[in-house]
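Listed below are the structures to be examined.
The same chain A turns up in both complexes below, where it pairs with chain B and then with chain C.
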Partner chain A sequence: MNTVTPGQYLPESSSDTTRITRHFRAEKFDFWSFFFSGLTGLATLFIVGILAVILLNIVINGWSGFSWHFVSTIPKKDFFDVHTTGVLPMIVGTSIRVIVMTIFVIPVGVITAIYLTEYAANTSIITRIIRAAVNNLAGVPSIVFGLFGLGFFINFVGKNMDKLLHNTSAVWGQPALIWASLTLAVMTLPVVIVATEESLKAIPPGLREASLALGATKLETILKIVLPQALPGILTGGILAVSRAAGEVAPILFTGVAYYMASLPGHLSDQFMDLGYHVFVLSTQSPNIEQTRPILYATVLTLLLLTFALNIVAILIRARMRKKLRALG
Partner chain B sequence: MAEILTPKLAPLATSVAPAKAGAPFIEIENLSLFYGASQALKNITLNLQEKVVTAFIGPSGCGKSTLLRCLNRMNDLIDNVRIDGAIKIGGHNIYDTNVDVIELRKRVGMVFQKSNPFPKSIYENVAYGLRLHGVKGKAELDDVVEQSLRGAALWDEVKDRLHASALGLSGGQQQRLCIARAIAIKPEVILMDEPASALDPIATARIEDLILDLKKEFTIVIVTHNMQQAARISDQTAFFYIGELVEFDTTTKIFTNPAQKRTEDYVSGRFG
Partner chain C sequence: MGIHRGHQARPVEWLAEKFIFLVSLSAILMVLLIFLFVAREALPVFVGQTNTALVQKPIPTVELDKHSPAELQAYLELTPEQFKQMSRETLKALMDVKVEAQDDIPEQFRNDPDARINTTEWPYLLKAHRWTDYAKPEYIWQPVGEVKKFNIIPLVVGTLKTTLIGLLFAVPLAVGAAIYVSQLARPRVREILKPTIELLSGIPSVVVGFFALLVMATVLQTIFHYQTRLNAFVAGIALGFAVIPVIFSIAEDALTSVPRAYTQGALALGASRWQTAWQIVLPAALPGVFAAAVLGFGRAIGETMIVLMVCSASVMSWSIFDSTRSITTTIAAEMAEAVNGGPHYRILFMLGALLFAATFISNMIGDFVIHRFKQKLEGKR
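What follows is the complex of A and B.
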């Protein structure tokens, strides 16, 4: 008997001659695979390229007009002069309207999402109508939100507040920071609702059952187990809403933005200047386009940086929360 | 009935009743359960003794888990469920309209098939139920957390990292943590829904030892697919088949000399 060494194949007979060896076929060049992978790569490159061109264009052209003086100065009424103008009121206006919007949209959106995922029966007609309404809200053009804000917040809510509180002198019944913020909040509501719903649905049902089986009420389960887990997802919704709202001009056109204000807004019923709207003003109202161009670019750069900064803040908060959740919870 | 269920942690019977003796602690009477139009449990009548381990066995879809979840009314959470009949625990029908479900679930704890610790620290997992029910003092919490972890045979493994995340524990440890969490609020009954089905043999053995230990204090109802497990740890066994209770007897009888042909076929592995 021969001994069989490890690794040796063992056909019973020792006659190796019967073994048939076949070569693998050589790889064929597959044109369609090559074409399709190339196509997807090109499409991606195209998108990245466009983004790079826009950003580079803004940074290169905006850098010369961008300075500490520029972002910290309240301009005179004639704000087309390169040397004296500034965008402080616009930075303040845009920041405040985004922050006030966030304060309203997050609670309302989160509570709506909690109702939809935790309380409403999934199959009922009412739930389906609400879901459809939320989705349709996301598809409404932003100028329509502006008109809604004018009609509902200013002409209805504001005017009636004035009737009750101020003897019909116009305090709330006119364009104001608060109405612009609320209009934006309505506009970004679907973003927050959808993001929150997704993060609530991602929480394993086993966690809810475990809590309920220990004698927790539904409310206790939502507050102590479900919401803390969903917070990072909710913040993602907030980040998306902030990004969307910071650059929007149409919804605030009728609801609060001003062409010019000599001082910073001091009250929620004040009007405000806004970076996005200021870009529009600079590009359409300037007496000398060539001279205004550096200011225009610098203003756009400021808007980009501000949006970026607001996002960074939100992302940092979310990262902190994730870390805390992972460590302890 | 509610006022009788309401007193916190009604005293457990002090003497350890031997299996099969005394009045039944859990009485299931003519229980039928429907998911919409389909009937999942058919007219089940079953009496379980206090401080005894009862195993529910049967092929998938036979209704054993459904019945288990009736005992702490977890089926209330599912839409479209209709339940007829009664379940009495300690003589009181838990399906009476005025029974406080929160109080019921406090007295009838549950351990699930998939270990589901909260994404919190080990300590907070065990303290969760206590905090819910109003325990605030740190000393008392510390004390009960330690007792419960000891009770679940987990204390020695985790005592140095009580404040580390529970998600860092192994599967078997997580399941024992879930048991610790359940016994922390001192229930009278513990329901276990295939508690070891996702664990390796060593972790399973530890859970089984633990169950035999817990029997001294708690009434345990366990659903299992593992016939040997049922034979090893239970005193009484109920065999279900397509929503019906086929046979209920002492575990020894069921596994050695069952009265029904179907039971014999199932426990001997001829179908299922």
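What follows is the complex of A and C.
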């Protein structure tokens, strides 16, 4: 006979709670409890089911059109032709715009997160404003980022650069790779900040205190103790930002994407082709949707492989990190 | 002597701290810049400097000096910077062109009252107007043709329609799943379910739109038997997919942060797990769940690609089975054809500013509610 005296058995996890409930609750069957629990379970199942259907549909239909030839070919102007088309310029365009974005967003995001966790007093007004700004930035619609890129980067920064450099024709004051990347960098800034902050907070304060007690300065502690520990978290943030940005189309619509380009982009002021935008073009502007269906599915599969693979890597790193930290603390 | 503090003792530390602080202000700077530059491009609409009237009373070139610079600038549809850079001769030449342009207006518009209307004035943007050849006042968004109609009401209605359908679909599902995952599922199942549902947010919206366009539209049509294959209903459901992960993770977080003592107390008193979840945990977490719905609203109202791919026509209709066009879609579809700096361009930026304001407010409300909720829970603990 199990008896529980106060303080002897305090359930710590909900699995313990479950065990206790099972043990103590009478066998009375409550229909409504069963019914509503089942309903929430069904909702969960439905969501997971939809995810599975979307993924399976794309993988099954996309597999046949997906080949080495497909991902390594530069298509001709008529990219709706099933046999000669390819997505190499789109893969290159999407990759470059995301890499350039990373160069800008990671340093700014990581430094902001360092300020918020290591330096700022949590209650100060400026910290609260920064946090509010980060939250707001995360909620701004992606199309508004596109407008911002057009209004600020192209029409203001770009045009003034042209004026200063005495360019007779528009070089920077037009849609370009660099402006699309910068627009995306502004958009993904909150992703990097939040992920980095999370990993910085998870580092035990004891590590910092030990370092400071041994005579290291605050800066040394951050650079040599805190940041190396937080590296997986920063990496996760970077990957999440990249995967988010790679799939976004709305912010680049007016800031740099091209419907068709005969060659790969070679300069930061060039326009580029993009995988997500290509999916949009193929699915809405195809002259014969039945005929172009295989290449459409194959393009979607390519995009998913790019964004989704990154997402799963981020989730795995994060899970491993949490386990490690749990073991530490 | 005591310990030296500040920049006298360690200049490098001091500099680094200031540098880190300055960089961390960039988030604030970006929000301000977004607001500033979207509003800047839209400003002429707000201060009445755009004019789309086809037939205008021409100002004879000789009367150049009788009018104030502000009047001339509006008349010639120039920005203040452009106006400043122009010499007297250029201005005169422009005014000549303007007078000549009036002579070139096709005969049919000479006596058309519509052609004298500046359609970018607020009454025409917001209220129904009876245009020539129309039997009754109507809300029309039609930015092409000789008389451009910019009534934003059809777009607002279209946005609200898809957003509400999306939320009606997503909120019950996401909150139900959040209750199940946080309260009812076994820990091992939860460890799998949570990241799986959050994976849904990793699908790019253009892919969700593609799926809705090719697969869902057909499936839903065979189930509900409606006329138009691509309509607000399909777009709304697809929008729901996009906001489910947002609502789920915030609601799940709120439900999990309810102190365990609440659950244990209820279970100890003999409540079932469902009764505990429904009558104890959910009411305690209600502000958080509400905030999740508000933030989901902000996400849905700003979603572009899904609605752009599924719907296109801008008809004014309350029916959910008609095609529809949202604010975001309009900006995305029409910016390419709008003349840089023209009235259409300005109006699209004004729509962007409107959208920014709407999401800004819903984010503020959501964050405020969550903040209060967390504080309350911590206070009670």
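One rule holds in what follows: the second predicted complex is superposed on the first by the 267 of 329 C-alpha atoms of A that agree within 3 Å, B and C clash if a C-alpha of one lies under 4 Å from a C-alpha of the other, contacts with A are read in each partner's own complex, and residues count from 1 in each chain.
As a working rule, a residue touches a chain if its C-beta (ideal position, glycine included) is under 8 Å from a C-beta of that chain, and two chains touch if they have at least 3 such contacts.
The structure presented is a predicted model; accordingly, all values stated were derived computationally and were not measured.
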Partner chain in contact with A:47 - chain B first, chain C second, else both or neither: second
First (chain B), second (chain C), both or neither touched by A:121: first
First, second, both or neither for A:217, with chain B first and chain C second: both
Which of chain B and chain C A:225 touches, first, second, both or neither: first
Partner chain in contact with A:206 - chain B first, chain C second, else both or neither: first
Partner chain in contact with A:164 - chain B first, chain C second, else both or neither: neither
Partner chain(s) touched by A:39 [first = chain B, second = chain C, both, neither]: second
Chain A: partner with more touched residues, chain B or chain C: C
Contacts on chain A seen with chain B and repeated with chain C across the two complexes: 217
Chain C contact footprint on chain A (complex, rising order): 11, 13-15, 17-18, 20-21, 25, 30, 32-34, 36-37, 39-44, 46-48, 50-51, 54, 57-58, 107-108, 111-112, 114-116, 119-120, 129-130, 132-148, 150-152, 155-156, 186, 189-190, 193, 217-219, 243, 246-250, 253-254, 276-277, 279-280, 283-284, 293, 296, 300, 303-304, 307-308, 311-312, 315, 319
List of chain A residues in touch with chain B within their complex: 121, 123, 204, 206-207, 209-217, 220, 224-225, 229, 325-329
Residues of chain C touching chain A in the complex: 10, 12-13, 16-17, 20-21, 23-28, 30-31, 33-34, 37-38, 40-41, 172-174, 176-177, 179-181, 184-187, 193, 195-200, 202-211, 213-215, 241, 244, 248, 260, 263-264, 267, 270, 272-275, 278, 295, 298-299, 301-305, 308-309, 328, 331-332, 335-336, 340, 348-349, 352, 355-356, 359-360, 362-364, 366-367
Complex interface listing, chain B residues touching chain A: 72, 74, 77, 79, 102-103, 105-106, 109-110, 112, 114, 116-121, 124, 128-129, 132-133, 163, 165, 178, 181-182, 185
